[in-house]
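Both complexes shown next keep chain A, but they swap its partner, so chain B is in the first and chain C is in the second.
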Partner chain A sequence: MATRSKSELSATVALIGNPNTGKSSLFNALSGGQARVGNYPGVTVEHKTARMQFGRDKQRIIELVDLPGTYSLSARSADEAVSVEVLSGEMPGVSRPDAVIVILDATNIERNLYLLSQVLELKIPTLVALNMWDRIEAEGISIDPNALSKSLGVPVVCTSASNRQGIPELHLALESLLESPTLGILASEKLASASFPEAFHRSVDELSQWFETQGVSLPRFQIERLLIDDAQGHSYRVIPKGRAHEIAERILESRKSLGAQGIAIPLFETRARYGWIKQQVAGVIERKPRDRKNTASDWIDRWLTHRWVGLLFFFLLMFFIFQSITRIADWPMQGIEFASGWLGDLVKGMLPPGPLESLLSDGIVAGVGSVLVFLPQIAILFFFIAILEDCGYMSRAAFMMDKFMSAIGMSGKSFLPLMSSFACAIPGIMATRTIENRRDRMVTLLIAPLMSCSARWPVYVLMVSAFVPNRTYLGGWVGLQGAVLFGMMCLGALVAIPVAWLLKRFVFPGEPSTFIMELSSYKWPSLRVVAMRVWERILAFLARAGSLIFLTSVLIWAAAYFPGDHSQLDRTVAQLRAEASQPSPDESKLESLETQVNQQRSELISQSYLGKAGHWIEPVVRPLGWDGKIGIAVLASFPAREVIVATLGTIYSLGADQDESSQGLVQQLRSATWPDGRAVYSLATACSIMVFFALCAQCVSTLVTIRRETNSWRWPIFSFVYMTSLAYIGAWIVYNIMSMW
Partner chain B sequence: MVTTTLDDLREGQRGRVVEIQGSDSLSARLMEMGLIPGEVVEMLGQAPMGDPVEYLVVGYRLSLRRAEARRVWIERA
Partner chain C sequence: MSLPSKPQAVPVEFLAPEAEGVVVDLCGEERNVHRLEELGIRCGCKIRMLCPGETCLLAIEGKKMCLRLGASAEILVQPLTP
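On to the complex of A and B.
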């Protein structure tokens, strides 16, 4: 297929809406899911775009820009300011949208119209997607879409994005809107701002003239926002940073003079807009009076947020999820393990002994394979998270946890980012954007990496399956291994509580937080949405396994292989293989060859770069109960913690006995010994490793994300230092306490 | 007609918004979410630990902490 040139790009279309309106489903349905995600320059707001083909012969290409989910276009938050700038065509790299699709939740139309009333004032051709159309009947609502379109003065299409209804109609409506844009622009006198007080308009005129004399060209809508929102004058990028203070002074002056004229800022705006909304929906929407106690959603809600039943359900659910992950994932994990072992043997059988054979089987297959094994667990965890999010339980979890979370210095809104961090801190840290309060957001963001992310699973699972006895209690329902895993899962979260308290007390003293949140209605989770999210996560994990982990595996292999003359070893291995393939191999000869191979291997690995680093690091890690090999594996896993499994896989595969290399890593760890013959790994050592991994900041991607989200290197450095110190101290304490038994 | 604040409502009780106290970003956010003078608000229930509280306002469920609900003056309906 020929690549399309940029000149064929015929239009840019923006998509905007409240949170929980099904905006991402609609974005995926419109674009086919081929999204590109980045950040807007200079701010921490996500920039998500996709190309969609359209027209009868799919000739035209439209760039679809997904704007952050917001309730309003005020200048108070970065998300909202960016949306205004994209819609006004001021965002570098995004051309001014030729049209905007405003997505409204049909079951909650009044509040959703608030955002629309603001978008209409930007005078961009506007199209309304009335989403969740399939659910209004169950909610006892009837809406006449034609009357709504007539009343609003812009085209309205009914959609149900989660099951892809109304998408062709939306395409058609967008096409005709792009052909005749005036269909989607309202006359000024029909806008909500027409009913703003005259004095306000005059004040905006004056400010506008003042901005001109200052050489700052700012659209009228943005001047209105600055005047209403009291955003200290630095919300928009066209405002020179050095002038913000001066501009804020001038705006304050206007606010004062309006106040003196009896205009209540910001009340007059919300009042005018809700007044406008009432006019728009009069005679268009009808709500059947209903006994709210009897709707299914209310009944479910009563129990799920109940004082005891709700909390009990919440904790049982969390426990169930983590138990299922260990149990359901078992079968596919064994499959992947088997496949990786088979591939390694295949490579060994096809290639003569040498660097290439060793790189492929010991480096790449052993390294990447031992990380891939955890894909089923990650998929299952994300499957549960996606279901909880999509059915509406996540916001209830935030609601129930708020009191508890606020006691430790955060809000219930911190719950979702922290819960997501149990899968991966990166989406969790990015999700802290929904927390408006800066102090809450910073504390949440800094403790998010302490949550037990899925990359820690491989370490826990490896250590637990190797060193924790497989006992079950309560008739086989509660396994000791599962319970230890659950405990490791909770450890980071428990440590996070005092850390959050300290951060709040000493690093971010300041104003209290708020908890203004919509509790969206319960619905059946859409399989498509859930599958899409799980798939995105799997791809992201595979991309990581394919790049960072692959690279580290190769580097670690090289460090363990070089320098050193392997020619003697290769000859011995070739002899051994030749002897073993004889119809009747000489047992005693085989045995002596095997002993030679083992001796040569351990000599080579102790001469290697990795072996030398191991001797150097051993005194540092000895207090934690580790030997040099563990020290090296931990050192190598600072870029990405799951690498430790691959590293251990490579180290033990290279240095292992011929017999053992065909067994799993678990067996190799169990039989590892100190030079004096004592086993390296005891339960205390295994726990010390797990605690270290639970608390340490071993993830470059997380640190980079913190840098991006806070726009400063200060916080990633802070996170790295505090977490690594915590990990070392924690591991030391655990090792010493457990060694006393 | 008794004027009180939103956090005084018990489960199932309703009130009509009279005024939002203050002119800071919190009061602006409350109003954007639909708590504007004249609207009827119903208290639906509270979280297990007594806070925050769930309200029905302009046809959807809104959660507020008691401290925030205290900013909203209502008259009981």
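On to the complex of A and C.
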């Protein structure tokens, strides 16, 4: 990525278009795939930026801004509002674009021109990219791009972003436009709004004057939108707080006056714009009559969207994915576990026993390493999700799910944010911006953290691999561990159903919302796109492991190490190592030293801050079948749930018996005992821990995101309280039922 | 001899699988009708029913769209005879 100062920035160029027009592919093609995305990868509801060099000497830099897909500048949802805010220069941190590239789907040009007709009215130099050009022949469409450019009055370039055709031409056209901006600005009389009734223009003039007298400065475009859009739309966000009622009254007055003159607001707008579109495309586009029936896509859809077959396919697909993850990830996980153990031994071999050696080997390597071991699973999960998204299947799944979601008062639009939450709740919560209905959005946002995100994976995998028997069924095709993992992934979603129903009924009551969604075309997933998404996710996971988990590991180590005099332990460990390094060590002496080390470690950890906290918390967690160590690890994992693995790694590494400390965490958990010698962990304990983690709100970042998206602390507090209560009750029920067996 | 009469306009949900129709009217809440028109569902456009039901899957001018409008809006179509 080019890293230049703001002073070298020559221009800001925005890309806008309808959803499914290949906008992001074009953005990646233009920028060379060097997008600087939002805080969380995979998010398409925020603007993305990338810098590209241009000009003969490549000295000038353009900041490209990829905007969320929208059908119109009459924003209904929060993501559409982002596009309007960027184009009107209201978005903090993004300067008003010097030019706009409007991406049109060449196979559906009339509808796509609707958005262009609105963008042109912003008087920003505009360039049209006629994308999916490679598909028009198959669709029986012929377009004369030169005639279209002449008719529209702005430059038009034909592109196929998926195979990178037309990209150099688009670069050149953009350069020309930035050098001669007037090429892309239409005279007012040529705009679609020129065909709006005269009375409407007079009303806008009057409103404009009224706003001036009230000390409110708004551009003409926004006054037009206020007059056309209803109060539930995002146009009203520009109204100063405290004046909303007065301004809404004045707008209503203008609307009534227009209504009395026979102007139907808002419907006159669509009719006028489509009238303008009809003029623009007359003689430019030809469509050959063709039989659209029974295409391959239709045949696939007939089965994939079938009420029962489609649903069965969806669940089998998910089951297959989770089975595959447990199998494929096995060997890379073993590799990372081996590397982590080797690094810990290396540190122990290089440093004398003491706090530094303990911090590095027991704190950092054991803590961070025990979380990093789950990286392959997370990468494989994202690989499958990216494939499903890129091939067009996800929108079909949303269609199928609408039938079920409407039964609890929600819509299929909630499905995609919830599905994203299986990767991470934060992009899922942000993706709720695509939901137009506020009540639906709030319910989706509040149940999204119940979906089993990738941070829960380390906990599930650790417990399943340690305590669920590794049996297979159906000739080895179905594994018990994979089935339990799948069950745990489904648990949060199943619990979310009654929670959503209760929220809809008692907290956000109202009429059921409508559901309108365009399905993207099927296509072979792009390896580049899939690889980029997986890579982004890996980086995000590593960043988290390198910051929050690293810090927590150090803190947990410190709490488990201090206070206490370790000098005697260090001397005993030094004697043990010296004896072990002898060519023929004395086995009885080794055994005696190991026993002393184990006793001293056990005494030190019980005297530490963590040990004392463990005694304090034990009565609270005992009904769930947990000991103080688990209680401490769960408490430490409230900022981020995957921290439990690092915490257990550190606790058991510090307090482990000498012969167990070199084993993996799984073996250490299996060997853990109560003071009376009973095993701490059983299948019931493992399930109780997994159920607690499936339902609990253990992610500060998620709660902060809920705060940001709802602009209130009320909802993160609500989420925390309801999820934690649900988790405790759920874990108690599961432990007690399973303990009966 | 009288000409065969055109079939009566029906709500789009009434189209049988694979049946085609032309949109003759959009009615209901203005904001929803406005949205439908922005999405390209407007009088005169041809619709093919792919998957019927309360939530239905339609092909509209070559693009697939799923739709559940409930009581908030209605799309009336004139079925096309094969």
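Assume the second predicted complex is superposed on the first by the 693 of 741 C-alpha atoms of A that agree within 3 Å, B and C clash if a C-alpha of one lies under 4 Å from a C-alpha of the other, contacts with A are read in each partner's own complex, and residues count from 1 in each chain.
Everything that follows uses one rule, which is that a contact is a pair of C-beta atoms (placed from the backbone, for glycine too) under 8 Å apart; a residue touches a chain by one contact, two chains touch by 3 or more.
These numbers were taken from a predicted model, which means no experiment stands behind them.
*Asks:* Using the touch definition from the top, say if A:Arg505 reaches chain B (first), chain C (second), both or neither.
*Replies:* In the superposition, A:Arg505 touches no partner, neither chain B nor chain C.
*Asks:* Now for A:Lys403: first (chain B), second (chain C), both, or neither, which partner does it touch?
*Replies:* In the superposition, A:Lys403 touches chain B and chain C alike.
*Asks:* If we overlay the two complexes on their shared chain A, which of chain B and chain C does A:Ser74 touch? Say first, second, both or neither.
*Replies:* Touch partners of A:Ser74: chain B and chain C.
*Asks:* Which partner does A:Arg438 contact after superposing on A: first (chain B), second (chain C), both, neither?
*Replies:* Neither chain B nor chain C is touched by A:Arg438.
*Asks:* Check whether A:His245 is in contact with chain B, with chain C, with both or with neither, and answer first, second, both or neither.
*Replies:* Neither partner.
*Asks:* Return first, second, both or neither, reflecting whether A:Arg571 touches chain B, chain C, both chains, or no partner chain.
*Replies:* neither
*Asks:* Of all the chain A residues, which ones make contact with chain B and with chain C?
*Replies:* 71-72, 74, 76, 107-108, 110-111, 114, 230, 264-267, 270-271, 274, 292, 298, 301-302, 305-307, 395, 399, 402-403, 406, 412, 512, 514-519
*Asks:* Touching chain A in the complex: which residues of chain C?
*Replies:* Counting only chain C, the residues touching chain A are 18, 30-40, 42, 48, 50-51, 53-55, 57, 59, 61-73.
*Asks:* Quick check on the complex: what are the chain B residues that touch chain A?
*Replies:* My answer: residues 20, 23-34, 36-37, 39, 44-45, 47-52, 54, 56, 58-65, 67-68.
*Asks:* Which chain A residues qualify as touching chain B in the complex?
*Replies:* 71-72, 74, 76, 107-111, 114, 228-230, 264-267, 270-271, 274, 287, 292, 298, 301-302, 305-308, 310-311, 395, 399-400, 402-404, 406, 412, 436, 512, 514-521
*Asks:* Which residues of chain A touch chain C in the complex?
*Replies:* Touch list, chain A to chain C: 71-72, 74, 76, 107-108, 110-111, 114, 139, 230, 232-233, 264-267, 269-271, 274, 292-293, 297-298, 301-302, 305-307, 395, 398-399, 402-403, 406, 411-412, 511-512, 514-519.
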